[in-house]
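Chains here go by letter, A, B, C and D, matching the order in which they are written, and residues are numbered from 1 within each.
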Amino acid sequence: MNFRSDNEAPVNPIIMQAIIDANQGYDESYGYDKYSEALTEEFKQLFGCWCEVIPLATGTAANSLAIALAAPPYGSAFCFHRSHLNADECGAPEFFSDGVKLIGIDGENGKIDLDKLENTLANSGVHGEHECLPSVISITQSTEAGTIYSSEEMDRLLEIKNKYGLYLHIDGARIANAVAALNQPIAEMTWKKGVDLLSFGATKNGAMMAEALVIFNPKIIGDIKRRRKRAGHLISKMRYVSAQLLAYLKDHLWLKLANHANSQAQYFYESLKNSHKFVYPVQANEAFLQLPISVISELRVKGFEFHIWPGSNDIIRLVFSHSTKKDDVTNLIETIVNLCK
Amino acid sequence: MNFRSDNEAPVNPIIMQAIIDANQGYDESYGYDKYSEALTEEFKQLFGCWCEVIPLATGTAANSLAIALAAPPYGSAFCFHRSHLNADECGAPEFFSDGVKLIGIDGENGKIDLDKLENTLANSGVHGEHECLPSVISITQSTEAGTIYSSEEMDRLLEIKNKYGLYLHIDGARIANAVAALNQPIAEMTWKKGVDLLSFGATKNGAMMAEALVIFNPKIIGDIKRRRKRAGHLISKMRYVSAQLLAYLKDHLWLKLANHANSQAQYFYESLKNSHKFVYPVQANEAFLQLPISVISELRVKGFEFHIWPGSNDIIRLVFSHSTKKDDVTNLIETIVNLCK
Amino acid sequence: MNFRSDNEAPVNPIIMQAIIDANQGYDESYGYDKYSEALTEEFKQLFGCWCEVIPLATGTAANSLAIALAAPPYGSAFCFHRSHLNADECGAPEFFSDGVKLIGIDGENGKIDLDKLENTLANSGVHGEHECLPSVISITQSTEAGTIYSSEEMDRLLEIKNKYGLYLHIDGARIANAVAALNQPIAEMTWKKGVDLLSFGATKNGAMMAEALVIFNPKIIGDIKRRRKRAGHLISKMRYVSAQLLAYLKDHLWLKLANHANSQAQYFYESLKNSHKFVYPVQANEAFLQLPISVISELRVKGFEFHIWPGSNDIIRLVFSHSTKKDDVTNLIETIVNLCK
Amino acid sequence: MNFRSDNEAPVNPIIMQAIIDANQGYDESYGYDKYSEALTEEFKQLFGCWCEVIPLATGTAANSLAIALAAPPYGSAFCFHRSHLNADECGAPEFFSDGVKLIGIDGENGKIDLDKLENTLANSGVHGEHECLPSVISITQSTEAGTIYSSEEMDRLLEIKNKYGLYLHIDGARIANAVAALNQPIAEMTWKKGVDLLSFGATKNGAMMAEALVIFNPKIIGDIKRRRKRAGHLISKMRYVSAQLLAYLKDHLWLKLANHANSQAQYFYESLKNSHKFVYPVQANEAFLQLPISVISELRVKGFEFHIWPGSNDIIRLVFSHSTKKDDVTNLIETIVNLCK
C-alpha cells in the first residue's frame, strides 16, 4: 500500500486511453500535431483569458523555464526556502536562467512568511548593481507541506508583487489539489491574483508525463519556444504529451482526480486528528504525521510505504493520490490506531 | 502518404503495448522502478561491455548531455557543420555544457571531411589559453544525409581521437538504421572503435519518446545524474520511458524496424537510381532526390508529403520509417516515373 | 575625512612607483612578462609551499574563479549569508561557476555559525541527485564585519571540510588585516589549515587594482588559465598588475600597511569602547558603531564620511585604511565624544 | 626591437602621468569618482550623440559584454571566422552571453565576405525554433589582418543589419588606427553607420589597461551595470581606468598615437611593397609579410621580434605601435633588403 508519492502512482486509465487513441498513423512533429494545436484553446477556456501554453514532460522544466522567462541572468527569485524550486531541483532554475539567484524565505506551514518576504524586498536594492535584481516571486500551490495559500494570502502576494515590480509564478505540480480544496475557479486563484506564470502539473495527478507551462502575461520576456528547444524539452512526438493534457482537462477529469486524492487525505486526517499530532494542517493530498518510531517500523512491516521526513526520525509523510483506494486508507488508519493503543 | 519524417510516424504497437503493461499499480519514481533498473543490464548485454545508461525523452537532451560530459565549459567540440548538433538544436549543446564552442567541419555526403578535421586539430592550440580546449568529436551515424561512416572512417576517427586526446561521441538518433545497413554487431561500430558516448535513439524508429545516453568510458567527467536532473530531464514516472527501451531491445525489435525502413529506402533508390539524380548515396532510411519543380508540386497534389530541402527548390528529402508501407513506396515510385515521362 | 571604504583610498606611493618603474620599454603580454613570471616564486616563498598564482584586477573575479574551480556547475557552496560572495557580487560566483548554488549560513559577528554549518551539511545529500552536490566552504577573513576567524575556528573548519569532502576557500580581500591582527605566519592561517584556495587581496590595502588567486591544492579541478581568459580577466599588459603585487609583497609592505590600518581601528576602538556600543568586536580595520541619529548627522556636517549600515539607521561603519591619518582618527574620536556629551 | 604586438608596448607617458595625477587622496569607488563621472560627457562630445560608456580593463570583456547585450542566450552572432571574437577569446562571448552561437563567415583580407553574410542570413530561420535567433553582426575595425572596412562596406553592413533586424557591433581594439587611416570623424564610421555598440580600445594604443564599451542604441537590452558586476569587471578603484581614458581622449592624443603607429606601418610598406609580397594590404598598423625562412631566422638573430603567423612558416606579422621608433623601422627595412639581396 503505497503512500510514498503521487509520482509512484500509475497513469489514470482515461489518460492512458487518450495516449493509445493518439497513436493513429502519422501526425506532425514538434508540436504541430492536432492535439498540441488544440491545447491552447482548451487552456484559454479553462482560464477564461489569453494565455500561451507550453506542453512539457517534467515539472522541473516547467518551473525552471518560468524562472528563466521571468528573470534576467542577473536577477533574483524569491521562494520558500525548502520549496522544490530551491531544495530539490539540483540547481535547475539557476541553470535554465543562466544564474538567477534564488533567495529562500522561511515561514510556517510550508509557506513563505509574507512579512519576511516584504521585509527582504524592502531591504533589497540598497547596493544597486552589487545586488541581483529582484525579479520574481515563486510559490508552490498546494505546497510541499500539503498546505494552501489562501485567497487573502494571494491578495497580499499580488500587492507585494505590484509594489516591487515583480512577476509572480506558481509551481503548480499539485495545483489541481489546491483548486479542488479551495473549490474556486482556477482563474480566481491564478491570473486574477496577478499570477504571470503557472506550472500546471498533471503527472502527479494521473498523467504519464505531462505538465503545461501557462503564461498569462504577454509581456514576459524572451522566446519561450527557443528556450524550450535549447533545453532539450521540445518533444518530437509531442502529440503523446498533448493528448494527455487534453484528456486531463476534458470533463473536469483533473478536478475529479484531485478531489479523490484530497478526500482520502481528509478522511485520514479527520480520523486521526484528535488522537495524533499532524505537523501541518492537512489541506490538500498530503499528511505529515508524528508517530512513535516503533509504530513507524511496524507500519512498514505491515506493508505500508511512505517517507520518513528528512531531518526527523518520527515524522512520516503520507501522500494520497488519484489512485489511492479508500480501503487502503481505512486499513492504514486502523493499523495506526491499533499500534498506538 | 507521409515521407516527411520518422518523427511523424506512430509508435510501434509492441512498444505501445509495453507502455500499457507498465501501467500496473505503483512503482518507484525517478528511475528506481523495475524497468529502469533492468535497463543497464540489457544494454550491457547488447554491447558486451560495461556501460552506464541514462534514459531520456529527447535526442537533444542525449546529445547535449554527452557534450557537457565530454568537454569543460572552455572546451570545443568538432562536428559536421550542418549536423543536427550544430544547426538544429538552437544552441542546446552550448547551453548544457555552459558554453562549449562547436567547430563545424564540412565534407561530402553529410560527413566530416576527416582530412579537414585532422588539419583543423593540428592547427588548434597554437594560441594556448586564448583558444578553447579541443575536447570531443561528435559524428552522426547514420548522418542527416542518410549516409553512413564506414568501418574505415571509424578507424580513422579513432586514430585522430587518440592522437589529439579527445573523446568521441555518436549522435545515434538513427543508429539502428546504421547498424542494420552495415550488418555488423553494434559493438564493432561503437566502443570497439573508441566511441566514448552514444546517443542511442529509439524515438525515430518506433518509440514514443525514448532515447538512451550510453557512456562507455568510465573516466568521462562529472556527475551525469545531477546534470540530467538540473536540465529537467529526470522524468518522475521514468518506468514509461524505460519500458519503451526494454521493448525496443527485446527480440531485436530495433533492428527489425530499422531493416524495414532501410529496405523501403533501398527499394525506392534501386527503382530510380538509373533514371534520377540522388544527391547523396542512399545508405540508410533517407533519400535526397532532385526533381523538376513541377513534378514536386504534382507529387504534393497527389498527397505525398515530404520536405523540400532548405537552400534548394528542387531537392526533396524522403524519409522511410518503421511504419512506411511498401505499397506507398511503390505508389511514390510509379508516380514519380509517370510524372517524369 | 574618509572612513567610508578602503576602496576609496589612494594607491600607496611605493606601489605607484613600482607601476612607473614597470613602464620601461616593451615586455611580453598576457602574463609572460618578467614581473608576472617572478610572481609565483615570491608567493611560494611567502607561503613556504607549492602554489599556483593568478594575478587579477578584481576581488570579484578572484572569488568567483575560486568557486568555479572548486565546484561543478551542479555543486553548492556554503558561505556566510551576508558575505560579499552571497550578497554583494550580483551573482558573480553563480555566473563564473555556471550555476553553483550558494547556501548562506548565518551566525554571530559576521562569521558562519560552525554548528549550523555542520548541521546543514549533515542534512545535505539526503535527496541524492535532487540536491546540488556540497562542494566548497567559503569564508571571508577578515570578515565584512571586521572580525576574524580564530585559529580554533579554522581548525573546526578543517575538520568539517575533511568530514564532508569539501574544498575550503578564503575570500581574503582583507587577508592582510587578518594576518596583521593575528600576528601569525600567513601559512598557519591558510594552507596549514587546509585552505585550498585564497583570494589574496591587495587593492583595499594600497594597490591600484591587484588581487591574486592562490591555489594551494594541485587537485583543484579544471584549467584556471582558460577560465580566466574566457571571463575576460587575462589582462594584456599584465606586468602592471604583477608589478603591484611584487611591490606589495616586498619588505613586508602588505603587513606594514595592514598594521597601520588595524592600529587606527584599535586606537578608535580603545578610545570609545567604554562609552559607546560597538556592534561587533573590532579585530581588524573596521568598526561598526551605534550612535544617536543626530550625532550621525552632525558628523557628516563636520566632514566625516562613512556608511550608515543598511538595515539600520543608527549604526555607522568606519573603515580605517593604509592611508588613514592618525590625526583624522583623533579628530573623529574627539568629535564623537563631544557630540555625545 | 619589438614588432610583436602593440600589447607589449609601454604606456604612453601622458597617460601614465594621468594615472599618477589621479592618485590624490580619496575618491569614490565603483565608478562614482570624478574621473568616471566625467567620462560619459567626453564620449558624447567625441561622438556628437547620446551614448552610454562603460569603462573596462580588457577588450575581451568589452566585446563579450557587447554580445551579451545584443543577443539573447538563444541568439546567434555573425563575425569573421578568424576574428578575435571567434578564435582568440576562449569562448568568452559565449560565456558572457550564456550561450550565444558565433557563426563564422570567411572572406578576403580579414574581413567578412558581405555576400556570404547576406546569403547566410537569407538562409537562416528556416528551421524556426530549431535554430538560434540571428541577433548581431560583429566586425573588427581595423581588422586582425590590419585592413579596414571601407565606408561603402559599412553602408552595406547597415543595409544588411536593417534588413534582418540585427544589431551591429564593432570590436574596436584598434579603432583609433582605423579612424586615423580613414581620416574621417569617428561618428561617420560608427553610429552614423548604424553601429549599436563599440568596443573602443585604448590599451593597444598607449593605455595601461583601459577600454570603453560605448552603447549608442538606447534600446539595447538589459542592465549593463549588473552584467559588468557579475562578470567581475566593476573595478573598485575605477578612477585609475577612467583617468587613462580621459587622458587618451584629451587633445586628440588617441589619434596622434594611432597616426604615429600607422605612419610607421606605411613607411615600412611603401619601402618594401615593390620588392616583397604583403599578404594583406597595409591599411592600419599591421603588416603581414612573406619572407624566405632563412631571412626570418636571420632577422630574429639580429634582435627583431615578431610573430610567425600560425598556419604558415614564412609569413611574419609586424605590428607598429604608438611607441615604435622610426629608426627601428628603418633598421628593419634595411636589414630585410640586405638579407634578401
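Please note the rule applied: a residue touches a chain if its C-beta (ideal position, glycine included) is under 8 Å from a C-beta of that chain, and two chains touch if they have at least 3 such contacts.
All values reported here derive from a predicted model rather than from experimental measurement.
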item	value
Farthest chain (mean CA position) relative to chain C	B
B-D against A-B, pair bridged by the larger set of C-beta contacts	A-B
Chain centre separation (chain A, chain D; CA means) in Å	50
Chain centre separation in whole Å, for chain D relative to chain B (CA means)	42
Whole-Å gap between the CA centroids of chain A and chain B	34
Multi-chain contact residues (two or more partners), chain B	30, 73-74, 89-91, 94-95, 98-99, 129-130, 132, 226, 229-230, 234
Chain A-touching residues of chain B, taken from the complex the two chains share	2, 4-5, 7-11, 16, 19-20, 23-30, 56-61, 64, 89-92, 94-96, 203-204, 208-209, 226, 229-237, 240-241, 305, 323
Chain D to chain A touching residues, read off their complex	30, 72-74, 98-99, 128-130, 132-133, 222-223, 225-230, 234
List of chain D residues in touch with chain B within their complex	73-74, 76, 87-91, 94-95, 98-102, 123, 126-127, 129-132, 310-311
